[in-house]
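What follows is subunit A paired twice: with subunit B in the first complex and subunit C in the second.
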Partner chain A sequence: MRSPLLEIRNLGVEVPVPGGGAAAAVDGVDLSVAHGERVGLVGESGAGKSLTTLALPNLLPPGVRIRPGSSVRLDGRELVGAPTRDLRAVRGKRVALVFQDPTHALNPALTVGSQIREVLLVHRGLRGGEARAETLRLLSEVGLPDPARTAADPPHRLSGGMRQRACIALALAGEPDLLVADEPTTALDVTVQARILDLLVHLSEARGLALLLVSHDLAVVSRTCHRVAVMYAGRVVEKGPVKAVLERPLHPYTRALLAARPRLTGPRTLPAPIAGSIPAPSAWPTGCRFHPRCPDALDRCRREAPPWVGLSPHRATCWLHWEPGGGAS
Partner chain B sequence: MQSVARHQRGGVGLSVFLPGAPQILAGRVAEGLLALMPWLSAILLLVLRADLVSSQLGEGSTVGRASMALLAAAGLAWAWSLRDVSTPPEAGAGQGAWVRIVRDPWAGIGLAILLFFAGLSLLGPPLLLPEDPGRTQTTEEGFLPPSMDHPMGTDNAKSDVFERFLDGARVTLGIGLLAGLGGALIGVTLGAWAGFTGGWVDRVVMRCVDFFIALPKLVLLIALAALYDLGPVTLALFIAFVQWPALARIVRAEAVALAQREFVHALRAFGVSERRILFRHVLPNAQGVILVGTALAVANALLIEAGLSFLGLGLDSASWGRLIKDGGALFPHWWVGGFAGMSLVLVVVALNLVADAVRDVFDPRADVTV
Partner chain C sequence: MLSYAIRRLAVAVVLAFGVATVCFALVWFAPGDERSDLLLSGRGAVVDTGPEPGLVEAYGDWVGSLLRGDLGTSERSGNVARWLLARLPHTLALSVSGLVLAVVFGVGVGVLQAARAGTVLDRLLTLGTVVAYSAPAFWVGILLGGAFIHKPMELGMEPLFPLTGVAPPGGATSLLDYIPYLVLPALTLGIVLGAGIARYTRAAMLEALAQDYVRSARARGLSEMRVLFRHGLRTALLPLISLLGVYLPVLLTGAVFVETVFSRTGIGLAMMEAILGQDLQVLMGGALMFGFAAVVGNLIADLLYGWADPRIGDAVRG
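Let's turn to the complex of A and B:
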């Protein structure tokens, strides 16, 4: 079997804590993405999703660092601890990011076209007419109706959806193998959201592009991804094929997330909010980190971190499904 | 619709004789004045000095080249005005920052003043002064009031003030420009680098800035002027040297803010190098601040030069500051220093007007985000 495109092992990200010291906001995340695969990363705000994605090409803000012992491999090459020059060759070229808010992700003083041409120059050495032609091709590939005009426009002339398409074109300019999209539709209209998601799926299939999609919304992931990983308080608590996780969630947190979604079909019930909120990284509970909010918490959940249970590939970390001497492995 | 068409037909006729006039009538003062001025100057030149122009036009002499330049500028202005009047305005066309600056009435007046003095200092000496290259014409009497022979009178040394005024314009404006741009170049580069990079670079550069700002500028310049033999270029460099810290501080503040913006983060995520981000992305976003700072630095440099000359520490050669000094107590011989003083004020005010418009156009608060 081909080795995965991206393999994250035991990733930890430490953030500074007010009053000194550091806390692991991401704590031992394992995740892999195969070539051409679409993987969703789901969780509430503060679960560590964004830090996980930023840690990949080490774009963490100052003061935030990757914990020793973490490993991020891209096609088998270790990225943690790689020199900046090597990372710069990865950023945009192998791994490209699509940001949440396209309004702020583009330089307001330059035209869309010149920003795309810059990436073409930096990563592919294209200039002049070649670069212009490729810019127009990229803009039409992401479904912009009038590429020539869009290329000549500054970002503020575009609508939100068009801007996000331009950002995606920018991300594609380096011909990456992996697109990391951090809440790419959160800042957009609902009607535009679906089209952007369809575009991402289409691009992934047409180009064999792997996609790591970060979202707080299980519905977004279910319509786009093959696999999903649910994060809570810096850890992955459940992962598996999208269909299996959504239909037979193992972890109480995943069940709670599903119950918290508004439903348009089936019995008319109000969405059930999850009581409480994710604690800060410095105050994470012992044992299972979800236990203070878990309706079914056992005594053991408070004391011991739960093991992985369930049959591969659909697994979760929860004591509820643990059978002594069986099932779990 | 009809009135627009009629206005334009009238405009075509007007612009054939007075290019720029229709634009001024339509409220676009700057563009109109910029076209009208070379046109009127060229006509004046042809009327007043037809003999000189006709004898020198084909020659490679300074006079010939200067008249060629003026006539070419007039021709360009004429063609532009005619074309501008006969093309209908594009409805709803987006206006770029530069167009908005030029169309601002006050900035327009400022730009027109600046162009007037630029033209005067470049083309004035060859075209308006007696052709004798080794000039410094001595007149029969000192302290003559302005007259046809001596438009600005004569001074105590019996020389023509107008001649000194034109020569001084070149020196003064040249020093102002060089000192302002030089100071801006140093200040913008260091400030942007410090603000964008942060960390110890920022701390070291900014402590240097603090140090230089704490020094009393005029005293420093007086010391430098007393120590060194001043030519126009050295003087300009000295002035630039005392001016860069102020600009560095302003640009740094802007760069610090821009470095936190998400698009800078996004550029890093695309593998763009820090240097490229700074020069291609951060600086263009700070262009408003940079332009305003540069314009004011030029204005400031002009005042510093005049101040030094007034104290007797400036250049020995002609400059406006020197003229103001020689004017001494203004009355009764107001013409010696008066014209230079008024011109200096006009240029400084014009620079401030333009800077003001630039600030308005680039003001982030006025920025319309959809």
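Let's turn to the complex of A and C:
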């Protein structure tokens, strides 16, 4: 078997805390993405999803840093601690990012075309007519109806959906192996959302592009991804093939997420919200971090961090499924 | 864009007219004899034939001669328009080179500060720009003159630059001859004006660098130079274009003091002398020129801004 394209081991990201000091907003995340694979990263607001994605090419905001002992390997090469110049060769060229808000992801003062040509020049050395032709090709690949016109337009003339397509074209310009999309459809209309997701799946299949898709919606992940990892309070609490996780969720948090989803089929019940929200990283509880909100929490959950349970590849960290000498491995 | 340009041009014409009218009104309604001196006797014939004309007639007369480029004559300076026009190139040279230096200094320092925000260097430069920003132009001029002219002379050396004037005593043989005379005055304006631009640029750059699109640009693997200059500075500088339009009057009043300090025979010095010699014709002519220059400067700034920022172009078109 080929080694995974991306392998995250024990990733920790420390954020400054208001009173001083630092807290691990991402705390020991393990995650891997194979070549061409689509992986979803799901969790509520504050779970640490964005920090995880920003940590990959080290684009963390000032004051936020990767914890020593973390490892991010791309095709076996360590990125944590790599010099900026090496990271620049990874950013956009091997790992491209697409952000949530397409309105602000494009420079308002430059045309869409010139922003794409910039990437073509920097990463592929294309210029002049070649770059222009490739720009048009990319814009039509992402389904923009009038590439020539869009290339000449400044971003504000595009609708939200078109802007996100332009951002995806920009991400593709460096011919990356991995596309990391952080809630790429959250800011868009529902109808547009579905089309952008279909586009991502199509591109992934057509180009053999791996996708790490961040979302707080399991439905989004289920229609796009092969595997999913569920994050809670800086940790991955459950991961596995999408179908298995959705059909037989192990972790109470995953079950709550599934229950919180508005259902399109079946009885029209109101979504059952999970009471409360994820606390700030400095106030994370001991033991299982979900225990204050867990309906089935045991005494042990309050004291000790739960072990991994379940059969690979579908696993979760939860005491409820733990059998001494059994499921824990 | 064209229709915007035409509309903006029309506004400029109206503004210029307003400037002229205000100049006229200031003199007409001022107490004392100046109004007859200035608005009537300057026109020669008017005073001799018949009674003193009323406000409307005098104003019409005055605007008429203004449109012909006639600013009247003064006892000290003769034909005022010709007197001022002969000085205009020196003031233009000073203002333009001062402005260029100011933009280069200001933008350079501002970008450096933003890129190194919070460091000792940033703090030192903030201190320097605050001092320079609050310093009067003539004071900076005197300091520079002291450092580059008087100090070397005290030490028995040749001064680094000529002390006063705009050209060698015998007259200039080539354009290059003017440059040594321009250096210190332009530097003075550049420092005073550049300090303001630096403070603005630093703030605007910090804001621009915090934008999502700057993070996106970094995420695409662009070099820090590209991120700073093409993505950060570009948007930070757009408003600077219109700021420069606002700065123009500051530049021109700066020129008055700088020309006085360095005895440059430009419009500013002419105006200063006119004030001291109560030469109202020249003073009013100079005020008109400065007023028109401000109108034209703002026009250029607005057109440039519309051209440089696609959003504005669309907003005014649509």
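Going forward, the second predicted complex is superposed on the first by the 329 of 329 C-alpha atoms of A that agree within 3 Å, B and C clash if a C-alpha of one lies under 4 Å from a C-alpha of the other, contacts with A are read in each partner's own complex, and residues count from 1 in each chain.
As a convention for this text, contacts are C-beta pairs under 8 Å (C-beta built on N, C-alpha and C of every residue); 3 or more make two chains touch, one makes a residue touch a chain.
Everything numeric here is computed off the predicted structure, so don't read it as measured data.
Asker: Putting subunit B and subunit C onto subunit A via the overlay, clash or fit?
Answerer: The answer is clash.
Asker: For A:111, decide between first (touching subunit B), second (touching subunit C), both and neither.
Answerer: Touch status of A:111: second partner only.
Asker: Name the contact category of A:97: first (subunit B only), second (subunit C only), both, or neither.
Answerer: Both partners, subunit B and subunit C.
Asker: Touching A:28, do we find subunit B (first), subunit C (second), both, or neither?
Answerer: The answer is neither, since A:28 touches no partner chain.
Asker: After superposition on the shared chain, which partner residues are touched by A:119: those of subunit B (first), subunit C (second), both, or neither?
Answerer: both
Asker: After superposition on the shared chain, which partner residues are touched by A:241: those of subunit B (first), subunit C (second), both, or neither?
Answerer: In the superposition, A:241 touches no partner, neither subunit B nor subunit C.
Asker: Touching A:285, do we find subunit B (first), subunit C (second), both, or neither?
Answerer: Neither subunit B nor subunit C is touched by A:285.
Asker: For subunit B, sort through 5-13, 41-49, 95-103 or 131-139 and name the stretch that clashes with subunit C after the overlay.
Answerer: 95-103
Asker: Would you please give the residues of subunit A that touch subunit B in one complex and also touch subunit C in the other complex?
Answerer: 57, 59, 88-93, 96-97, 99, 101, 104-110, 118-119, 122-123, 156-157, 167, 170-171, 173-174
Asker: Which subunit A residues qualify as touching subunit C in the complex?
Answerer: 57, 59, 88-93, 96-97, 99, 101, 104-111, 118-119, 122-123, 154, 156-157, 167, 170-171, 173-174
Asker: Where on subunit A does subunit B make contact in their complex?
Answerer: Residues 57, 59, 88-93, 96-97, 99, 101, 103-110, 118-119, 122-123, 156-157, 159, 167, 170-171, 173-174 of subunit A touch subunit B in their complex.
Asker: Give every residue of subunit B touching subunit A within the complex, in rising order.
Answerer: Answer in residue numbers: 94, 261-263, 265-273, 276, 280-281, 284-285, 287, 368-370.
Asker: Name, in rising order, each residue of subunit C that touches subunit A in their complex.
Answerer: It comes out as residues 211-213, 215-223, 226, 230-231, 234-235, 238, 308-311, 314.
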